[in-house]
Amino acid sequence: MVTQRFRNTEDPGLDELYGDMADADLQPLWLQKGLLPRMPNGLSPHIWRWKTLRALAERSGDLVGIDRGGDRRVLALAHPDLRGEPFATHTLWGAIQYLNAGELAPAHRHSPAALRFVLEGTGVWTLVDGDPVLMEPGDLVLTPSYNWHEHHNPGNTPMIWFDGLDLPLVRNLDAVFFEEGPDEPTDYAQVRTSRSEHRFGMAGMQPVGHVRAVQHPASGRHSPLLTYRWAATDAALTSMLDAGAAGWAAARYVDPATGGDIMPTLRSEMHRVLAGHRTPTTRTVGGGLWVVHSGSGASVIGGVRFPWAAGDVFVVPSWAAVDHEATENADLFLLSDGPMVEAAGLGRTETLPEHQHVTGTVAG
Amino acid sequence: MVTQRFRNTEDPGLDELYGDMADADLQPLWLQKGLLPRMPNGLSPHIWRWKTLRALAERSGDLVGIDRGGDRRVLALAHPDLRGEPFATHTLWGAIQYLNAGELAPAHRHSPAALRFVLEGTGVWTLVDGDPVLMEPGDLVLTPSYNWHEHHNPGNTPMIWFDGLDLPLVRNLDAVFFEEGPDEPTDYAQVRTSRSEHRFGMAGMQPVGHVRAVQHPASGRHSPLLTYRWAATDAALTSMLDAGAAGWAAARYVDPATGGDIMPTLRSEMHRVLAGHRTPTTRTVGGGLWVVHSGSGASVIGGVRFPWAAGDVFVVPSWAAVDHEATENADLFLLSDGPMVEAAGLGRTETLPEHQHVTGTVAG
Amino acid sequence: MVTQRFRNTEDPGLDELYGDMADADLQPLWLQKGLLPRMPNGLSPHIWRWKTLRALAERSGDLVGIDRGGDRRVLALAHPDLRGEPFATHTLWGAIQYLNAGELAPAHRHSPAALRFVLEGTGVWTLVDGDPVLMEPGDLVLTPSYNWHEHHNPGNTPMIWFDGLDLPLVRNLDAVFFEEGPDEPTDYAQVRTSRSEHRFGMAGMQPVGHVRAVQHPASGRHSPLLTYRWAATDAALTSMLDAGAAGWAAARYVDPATGGDIMPTLRSEMHRVLAGHRTPTTRTVGGGLWVVHSGSGASVIGGVRFPWAAGDVFVVPSWAAVDHEATENADLFLLSDGPMVEAAGLGRTETLPEHQHVTGTVAG
Amino acid sequence: MVTQRFRNTEDPGLDELYGDMADADLQPLWLQKGLLPRMPNGLSPHIWRWKTLRALAERSGDLVGIDRGGDRRVLALAHPDLRGEPFATHTLWGAIQYLNAGELAPAHRHSPAALRFVLEGTGVWTLVDGDPVLMEPGDLVLTPSYNWHEHHNPGNTPMIWFDGLDLPLVRNLDAVFFEEGPDEPTDYAQVRTSRSEHRFGMAGMQPVGHVRAVQHPASGRHSPLLTYRWAATDAALTSMLDAGAAGWAAARYVDPATGGDIMPTLRSEMHRVLAGHRTPTTRTVGGGLWVVHSGSGASVIGGVRFPWAAGDVFVVPSWAAVDHEATENADLFLLSDGPMVEAAGLGRTETLPEHQHVTGTVAG
């Protein structure tokens, strides 16, 4: 989109007008195309394969150290529709982080909010504002806006996890703040259970007199529970299926102090589809990034079939029709910008009356 | 307080005025005493002993059946300050309910909200709007406003539980509605886990797309989790103490979908005091009813020491100073009208700088 | 309701049981009658006549001074169903206040919230936490919970207004606090417009950066606008009728900073009925106190017709069917406990399909 | 930002790694510069001059008609930092709209929310979901998300107004929906007062039983008052200044039903600075677009002085220090994305201890 394109009509008066507008940093609306599409069309679906992600992360682990300034060994998912920007969607950052045995990713904090979903390995502690959180496969770990965080691997094996952030969204709001912490590891205990779990890890029970600790004057409300363990997530889905769901169930990770989303800008859910089942087709305003935690199957997105297996990551664009079908029992982790779409008053989800007609399949 | 008392001053003009006022259903404010006390003074502390409660409940179980109309075998705590009304405080109903083996307390529903805290026995199911909830010692079970409920004892032993209701408060609002259900037991499965637990029993996880089922046009928001199991409550308190609390800890039962109180009018908490510890002294606007779940010790209320043991129930009046001291490790269940005091904008809790001076002790 | 009444059945075993219960401050639920009525039935409708109210207020003005301790020359509406308590309903205090020329009703504050609706006269200032509010007929003036307030009549004529408070409700919560201020009048300007009006008197406009001033640690949220002028109320109703309402319209007084009720416990509305029109019949959970501001007509309450004229005050009990019919254009001011009924989750209003059958008329 | 730039290091292994990453749609975080700045730096301040805006709008009015498809004669402010996109900031659309006598801008609706602030002329009606709103200078008119709207000029003179939308923000959320209405003008009355004003135009008064009419399943909450008249805005500011503000005052336009912002994504305020006064210097997270309604003066933004006069429009970027100084009494209309920054938990405003040092002046 460039201002100049509006010149060279066949009317000299108009040409002069459009030229003068361009000189004045103005653009005529009536010549804009695509500004107001009939429905969202900003992005294609896209998939990244675990085999590739893992291999490149491991090669990076061999070749690239973690230095102050870089701070993290992170491979960002760069959606090809986004003109070279290292973003997975217009609003979401997705990435693979790789931490070798013995390494430290040093402390920093920033206004964008982040979460980690553990893909492989164990034995890393993420220190969130002083609270040491052990990371194991299937765990979700929050490092909310403005919380100091560092990752520390005192073990013998590398770890790989998925990073999700609201960075593109916060950049669009021009609200990014960043601050480095100390270079040296903060001293902390290698405990199994974080303080946040001790206080908020039980369903329906809260410490009397809980007052939210504020890390920063601009720190918004976020969940006081900093990690959601795989065992609990698994049990919740099993329980929901026991209660009668037909072949699939979905649980949202929520702030136990409010019942709302875990952080003001990000929503996370885990969807379980049993082998042989296919979910109804839905479409939702707002974009989603799906990480296959386990199992195999395929999703149909906008009529195109995307087969997937554990570790794959794919984008479901805003308002694209989507359903998931499992070959083996499958668990799919979802990260979305739902809370902000709803804050804008624009949230909407529809279930379509029937499954999509499949017009093609992307190679697995 | 009677209208006539304002006659017979020594001034005939005033006498006539006050008489004419009384005839017109008016009262002069300036002769009222005690309408606006400097601070709450409406009630004394009071204690009921488990030994007595249990014995009278058992005798009632032998002598009195459960008939339609009576509906329940319930012994209401009648605070002696309340002029014969069967209420524990101005706003709270407390009672002991006794259900023999094989008995059914038939279905009804009402606008006052109720909860049950199980004291002795096991094997009763409370059916809450069709969801069968098994009751075991230490469990909290909700039967919120306008939810159909019945109690069914298919086992071999009697059960006893504490009933807490907002009935006096709802009467004061002149908002009591009541409806009988069918006389016959509703057919239901003797399942270990209610549907509400299947859906809301995991910390920080919620079914995606949860929509509150509404039982009645006037049914307010309440917790979708209908029971809080003792094992979870115990674990929460243990975990909070592990996290560093010094000798005592307190957990509030909350609506997992909002983080707020379990029902719009009632608050519940479990307070654990370890042997040899004494809590700080606090005072709170609003009245509380305490049920000793286990252990022994004493509470100082307004300077008077009330020793207690398991099963005892006592009133801590609004704004009375209170602290608890444990001889053996003790768990104290609290029922209060806190949500309504706060809705009125009048909530306040203070911690006093030191423990109260004890001026007397009530016989144990 | 007295504990003893449960003795003297024809069964000696039961007699002994009931006696032992009474000794133990317990009451058997199964002998209680009327605890759980099918629907609210706590109060009859009742009316007080302006002619009587005004005459007795004036006589009080002649015979009784305003002393510290009494603080106010107030005639409380004492509903005959309430056993001598000086309350208009279970939750609402209604009264007539009379202030002679030159008098001061000295400063105090209390946890119960109050409002004034001006009936006759002009020239009194109510000082609300230091903000001088001029009072004129038809104005509503708020003195919210814990706000210091005093009334000062520097003019030449007496004034009469209606006082509405949540005192019975706050007493039931055992949450009454009271504090005297200085005996002497606080010095203040006799200004036409209070500071609160300067800041919040314009529809849809708020001061940027408004932070609520807190008078007291337990002071709940209330409207920052302390007076609602008759001219604005009249204009709002006129405008609503112009917009197409058929013969009647009703406006709620709201907190301009939230759109909610003016105070946490009290709701106020002004209902206008044009001559010859009759409103639909409705019933609402929660009690209402109606003050006739102007005009004449009659209300049918629970099938009984209550004719009224300006200055009359009447009670519409909880869930009683009610409609209003105007002979002359009439404005009816309503005070209710609606916010607390709704906080308890029990709010409900129904419009009945047709007008009530009138079974009697109360003498006018 | 392009993926390829990471090749050609001096290490062939790294070159190969970065090449393989690019092929796999991945980017190494550690080579990114500027992704996480220490504080917002996404935009420069910028100003558009009324003289230019007006002249180009008028020329457009002479040369360009309003056709279906174009729908509006609108000149979009295209910030030169935004690479040719027709947006004033990352989140805000600002534009000048010009409607000749007798013209119709036909009906459409869209998910982005819009407002109009009238700059010149009178006699246009904007029909908002069927409610005809007359437009006059200084009026603010809302056409919230998904509300049908069309502009109709039955008068004899052209009109010019400022259009503000959240379009860039909604595009970033990939949530734009658009729908055309009928080509022909909807028949409507040329009334002075819209229905929304009849119902919500009085401070502190609301229709009893107001239920929000919903235009669309995805329509968020917005103000039920669709226009804020200049006379009321002017009176509010005058009143605030009378109440003691020292040389400047600011009023926020609010939803009278909630006290919150007028629409979920957009905030509007009017700031008045009296001649000879300079406001304190503040900085705020989130971007602002300022329209000079009247008067003259200058704003210092990030140390640079921008003189302005009536009709000028300027951008104050996120977190840039800003203060305003008036030569003549001045009224400045502000449009910002504050509600969304706050929804993201990132809202923050600071007042700096002293005025900025001025390092330069932009030509007036």
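Labels A, B, C and D are assigned to the chains in the order they are written; within every chain, residues are numbered from 1.
FYI, a residue touches a chain if its C-beta (ideal position, glycine included) is under 8 Å from a C-beta of that chain, and two chains touch if they have at least 3 such contacts.
Everything numeric here is computed off the predicted structure, so don't read it as measured data.
Between the contact lists of subunit A and subunit B, the overlap is empty. Averaging Cα atoms per chain gives one point for each, and the point farthest from that of subunit B is the centre of D. Look at where the CA atoms of subunit A average out and do the same for subunit D: the two points lie 30 Å apart.
Between the Cα centres of subunit C and subunit D there is a gap of 44 Å. With centres taken as mean Cα positions, subunit D sits 53 Å from subunit B. For subunit D, no residue reaches two or more other chains under the stated contact definition.
All chain pairs that count as touching, in label order, are A-B, A-D, B-C, C-D.
Listing the residues of subunit A that touch subunit B in their complex gives 193, 195, 197-209, 223, 225, 228, 232-233, 235-236, 239-240, 242-244, 249-259, 269, 271.
Residues of subunit D touching subunit A in their complex: 1-3, 11, 13-14, 17, 20-21, 24-32, 35-40, 42-43, 46, 48, 52-53, 56, 59-60, 63-64, 67, 70-80, 83-86, 89-91, 95-96, 110-113, 145, 166-179, 217-222, 263-265, 285-287, 317-319, 337, 339-341, 343-348.
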